[in-house]
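These notes open a run of structures that come right after.
In the two complexes below, chain A is the common chain; its partner is chain B in one and chain C in the other.
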Partner chain A sequence: MNRVRRLLIASTLSITTVVSASAGADIAIVVNAGSGIDHLTRSEAVNIFMGRYRKLPTGNVALPIDSSSLKARFYRALVNKDLAEINSYWARLVFSGEASPPQQIASSEDVHQLVTQNMNALSYVDSAHVPDDMHVVLTLGE
Partner chain B sequence: MRRLLPVCLGIAMAALACAAEARPLTDDGRLTFSGFGTLGLIHNNLGEADFTRDISQPKGAGEGWSARTDSLLGAQVGYRFTDELDTVVQGISRYHDSGDFSPEVSWAFLRYRPDPGLQLRVGRLGWDVYQLSDSRYVGYAYPWVRPPVDHFGTLQLTYIDGVDVTFKQPVGSDLVLLKLYAGRSKSDVFIGEGIETHFDVDKVYGGHVDYETGPWRFRLGYTEVKSDISFSGEVPDQLDQLLALNPYANLTADDVLGDAYGFDRLRLYSLGAVYDQGPLQLQAMWNRSKTSANGSVDSGFVSAGYRIDRVTPYVVYSQIETASDGEGGGEGDFKQKTYSLGARYDVTANMALKAQLDRVHVQRPGFLWRDIDSDWNGGWGSIFSLGLDFIF
Partner chain C sequence: MPRLLLLLHTRLALRTTAIILLIVTLLGVIFLVLAVYLRAESVQEEQQSRIQELLTTVERTAQIGCFLGDRHLAQEVADGLLSNNIVSAVSIDTSDGTTLAGGRADPAGESASSVIHDVYSPFEPGTSVCEITVEPDQAYIDELVAQASYFIGGALLLQLIGIGLCVVVVVAKFVTRPITGLSHRLSELEAETGQQLQAPKGNRDDEIGQLVLSVNAMIDNLVQSLSEERRLRLEREIEERRYRAIFDNVEAGIFELDGDDLIRSANPAFRRLFGMPGETDLERHPVAFASLVSGSESISDSKDMAQAFVIDNVVREQERQWEIALGDGDQQRWISLILSPLETGRLQGVAHDVTERKRAADAAEQMAMTDPLTGLGNRRGFDHRLAVMARHRRLYPERCHAVITLDFDHFKQINDTYGHQFGDRALNHVGAILADLVRQRDYVARLGGDEFVVLLEGCSERCDVEPILTRFLESLRTPLKVREGTEIVISVSIGIAMLGLDTDDPQQAMRFSDIAMYAAKRAGRSTWRFYEPVSMA
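For the complex of A and B:
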């Protein structure tokens, strides 16, 4: 009996490990650690990154930043769309003069610098590698 | 066209090599350049009438193949003065009222955004009269080869010179948007054989309320267009000669045709709904336009598309029906229904290839067709289209 119980516990533990390992590969939306923003809802994040309504809970204008290396994973997790669909979405808004896409930044060092220097900037990183000077406001499961 | 194709092809090839976002031209990212285009090919199986995309096109696609109807090229330059103030200038070259591809400035405005909930624009603006109407030439932005002709083909204007203001207000996790606009405009449209109608628009004003909840966007809109209308072409010329026989009546073709059509005051009522969730895209729109002569144009469409990996098959149903003096079925009234089936294939993240078959049931021939045989009473037609859309 004891042996069965130990086996059960062991298998439960290993499942938990697997689950947390995959959760470690999620995408975290991050802001400046001193921005005063505790967390964002998913619809607030969609509004900001999709250009619908770019106001932060602090009342300031949000400055979203796309990080090129994670962009495909991020939009898949946020709105279940691939990059062609995201480009198609922005083509409508840009060429009707209604809104502009987030600033596009290629290097993750530059993204880090922009977010840590600007209280209104927000971007995303792999949730397994969140730098200490960034604060996670929303984690998107993949 | 022969000269345009190599240019378009060259740009398409260049687009392949480029990133899809508006590229900054300066180190500080203030100046950006971007563009869009379509290479379109149409096959019309009808010998009796030529197919057009909209009433601004003087000639249509006749029996056989044609590249004129849908091919176009647009480019945009933007400059950001501050985070709140920027300017956008956009030009487009497409087959339009001048009978060629002569480029025109489609937008040129200053935009002021003091707050995410408020936007003011001044200058030349897109005519945002229906959902998607101010992006109807940006093929890359929608699944179809072209927006449903029965619904978008009747639009009289492409731009307004004026102002618009947009208010946005979140309501819980939903968003309410109110846009109001006013301005002037000009356009030439072709509504029948031998008649070109010139709109000198003194006042165009209107607005719409949008409600966005989750994947849904709903819109309710109203617009009024007040214009001085004049006519040219064979029909008004002959009419003028006839009217000149009786100088005491003191009438011109502009008076007679103007009273008959009642284009001097148009009122457009529109409803729209768009659903966009992951791979599924649904659209439904309806419009009623009223003329001052108590005539009306009713149009609408429903569309559904579902993305599977890189391919988005779609189906569309659209229809249009005009009624003069408030009653349909009269002389000169136009009625047709279109059933479309197509697919969009995303070649890269900035280029899409599309194929579409439209089965058009023309119940009473009318102003969306050109060079109509005088003895043609309508019937079924097949329009097959290929499109290559790109952004750069």
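For the complex of A and C:
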């Protein structure tokens, strides 16, 4: 819990700098290079990140990860919604337990580490700075 | 029910109201049906739109529930929808046909046309994730419609009652009451006194006023004809009394005959004239007119007595007059009868006793035609008789008559010798002998001086005349005593002409007998001569 709060504060602090720094770039959805997933449709991406699909096309349980620094841009690009809407969406589902929100990771390094270490993890990065050890399955234009 | 029918039949206001109410009710029912139908339509639409609104309200939750296939969330949505009383059943189905959630409020409720709503993914607007089927509660809708119908029906009923009351009041006030008042006044009106009907106030210029005017005009006519009738009746009574007075008291007999010639009425004078008992009831025992006059003689026209009183059609159409004689001798009465038609088949007769006049006229005529000295006919009488004979000859031309002229021989000498008084006696003497010799129907006249004429009727031959003349001359041979110791024998010359043998003209016969008389004188007097055309010419 402690870590989550810290992450949230950090992401909130960094939003403005990240947005201003990476303005103009697209967002790329990335997976572990060995995951075996070559490509995702936009719909598959929505279903996975919004909790509808729990499994990847490969059949493994999906592990979506929200990158706090890019979260606002990502959801705007993916479902054209702001964070308040996304938060209220998940808030409705908290008690039903049917679906759970993606894991929240504050730093992009942690995201990078999680994705490269976990075969089923998927997240997003600025398309301009995609590391080589990540596989881009979908690029969302802004 | 019969009482209601009677009321409707006798009350104008009620009848009018009933008819208007009937029409209004009919229209109202049509209107109500239409209104209920429209109301039902609009309620249906209203419910549909309400359901749509409800669905809009729960859409976001439904989207999420459907998106995630979250049964709890979907059930939440379905329960929320079912909590509305307009929803009877809800079913949330995903695109692949599985039912996420559902429910039914009233299991027995009938289903109406359901509303199907597509739910799209909250993140991908074009992607349908599931379908919500909502069935509206028809019972509830029906109830709403029924409520609306009750309201409209109630309003209509109130309106109906209002209209009915208004019509009753208006008709009663503006039509029935004036008419009732009029009828009441009309029944109390003494129309024969000329009293007029008054129009009710405020109705003077409308139809009721016109009705009153018409009734008044009728009353006027009635009064006029009544008074006219009364006047005529009075006049008739006076006329009747006048006639009765005349009828009863006049000297002339007045009577009426019907189509069968029976006397229907007769006044006292008539009864006296014809010797009828005064108390005979002619109405009950009519007397035939012919029976009263039978045996009488008529001197009307030259008609037979038998026909005189056959009151034929000619008589029935125009006025006729007779004079008839009743009784014989001194008791004989002459009555003048005038019959004039009264109406078809009825005759009125007037009978006058003309005996006195008749007798006076007869006496005067007799006197005018009589020689005062001898009591025989005079020249005037002879001329009259000759004229009668002429008429008689026209009727019976085969009958012959003798015209005998007698003239005294030397009458002037007798007069001069013995005086006129003896002359007159001599004339009387000869006249008496002649009157004794001839029959009733023959005629003897002294034409003047010593000239006598005798008409013998029905002498077909000369030999019929001769015995009379022989007897005459024999009678003359008896001397006539002038005074004590003096007697004379009168001699007469006689000429005879035969009317029908010698001539057909009476005047001519008269002349011929004159000529024959002179021939007798020439033959030595105191003899007779027949007219001989050849020798005497």
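To be clear about the criterion, the second predicted complex is superposed on the first by the 118 of 142 C-alpha atoms of A that agree within 3 Å, B and C clash if a C-alpha of one lies under 4 Å from a C-alpha of the other, contacts with A are read in each partner's own complex, and residues count from 1 in each chain.
Rule of thumb we're sticking to: contacts are C-beta pairs under 8 Å (C-beta built on N, C-alpha and C of every residue); 3 or more make two chains touch, one makes a residue touch a chain.
As the structure is a computational prediction, the values presented were derived from the model and not from experiment.
**Q** After aligning the two structures on chain A, examine chain B and chain C and state clash or fit.
**A** Pair status: clash.
**Q** State whether A:N87 touches chain B only (first), chain C only (second), both chains, or neither.
**A** Touch partner of A:N87: chain B, not chain C.
**Q** Given the touch rule stated above, what does A:Q117 touch, chain B (first), chain C (second), both, or neither?
**A** Neither partner.
**Q** Thinking of the overlay built on chain A, is A:R52 touched by chain B (first), by chain C (second), by both, or by neither?
**A** both
**Q** On the A-aligned overlay, A:V79 touches which partner chain: chain B = first, chain C = second, or both, or neither?
**A** A:V79 contacts both chain B and chain C.
**Q** Once the shared chain is lined up, is A:S43 touching chain B (first), chain C (second), both, or neither of them?
**A** both
**Q** Of the two partners chain B and chain C, which one touches more residues belonging to chain A?
**A** B
**Q** Looking at A:S96 after the superposition, I want to know if it touches chain B, chain C, both of them or none. Which is it: first, second, both, neither?
**A** Both partners.
**Q** Indicate the residue numbers of chain A shared between its chain B interface and its chain C interface, in ascending order.
**A** 43, 52, 79, 81, 89, 92-93, 96, 98
**Q** Where on chain A does chain C make contact in their complex?
**A** 43, 46, 50-52, 78-79, 81, 89, 92-93, 96, 98-99
**Q** Which of the residues in chain C end up touching chain A in this complex?
**A** Chain C reaches chain A through residues 61, 64, 67-73, 121-124, 127.
**Q** Considering the complex alone, what residue numbers of chain B touch chain A?
**A** That would be residues 19-22, 29, 34, 36, 74, 76, 78, 83, 88, 90, 107, 109, 111, 115-117, 121, 125-126, 128, 132, 134-135, 138, 140-142, 168, 170, 173, 175, 212, 214, 277-279, 307, 310, 346, 348-350, 352, 391 of chain B.
**Q** Would you pull the chain A residues touching chain B in the complex into a rising list?
**A** Against chain B, chain A makes touches at 41, 43-44, 47, 52-55, 61-62, 79-85, 87-98, 100-101, 103-104.
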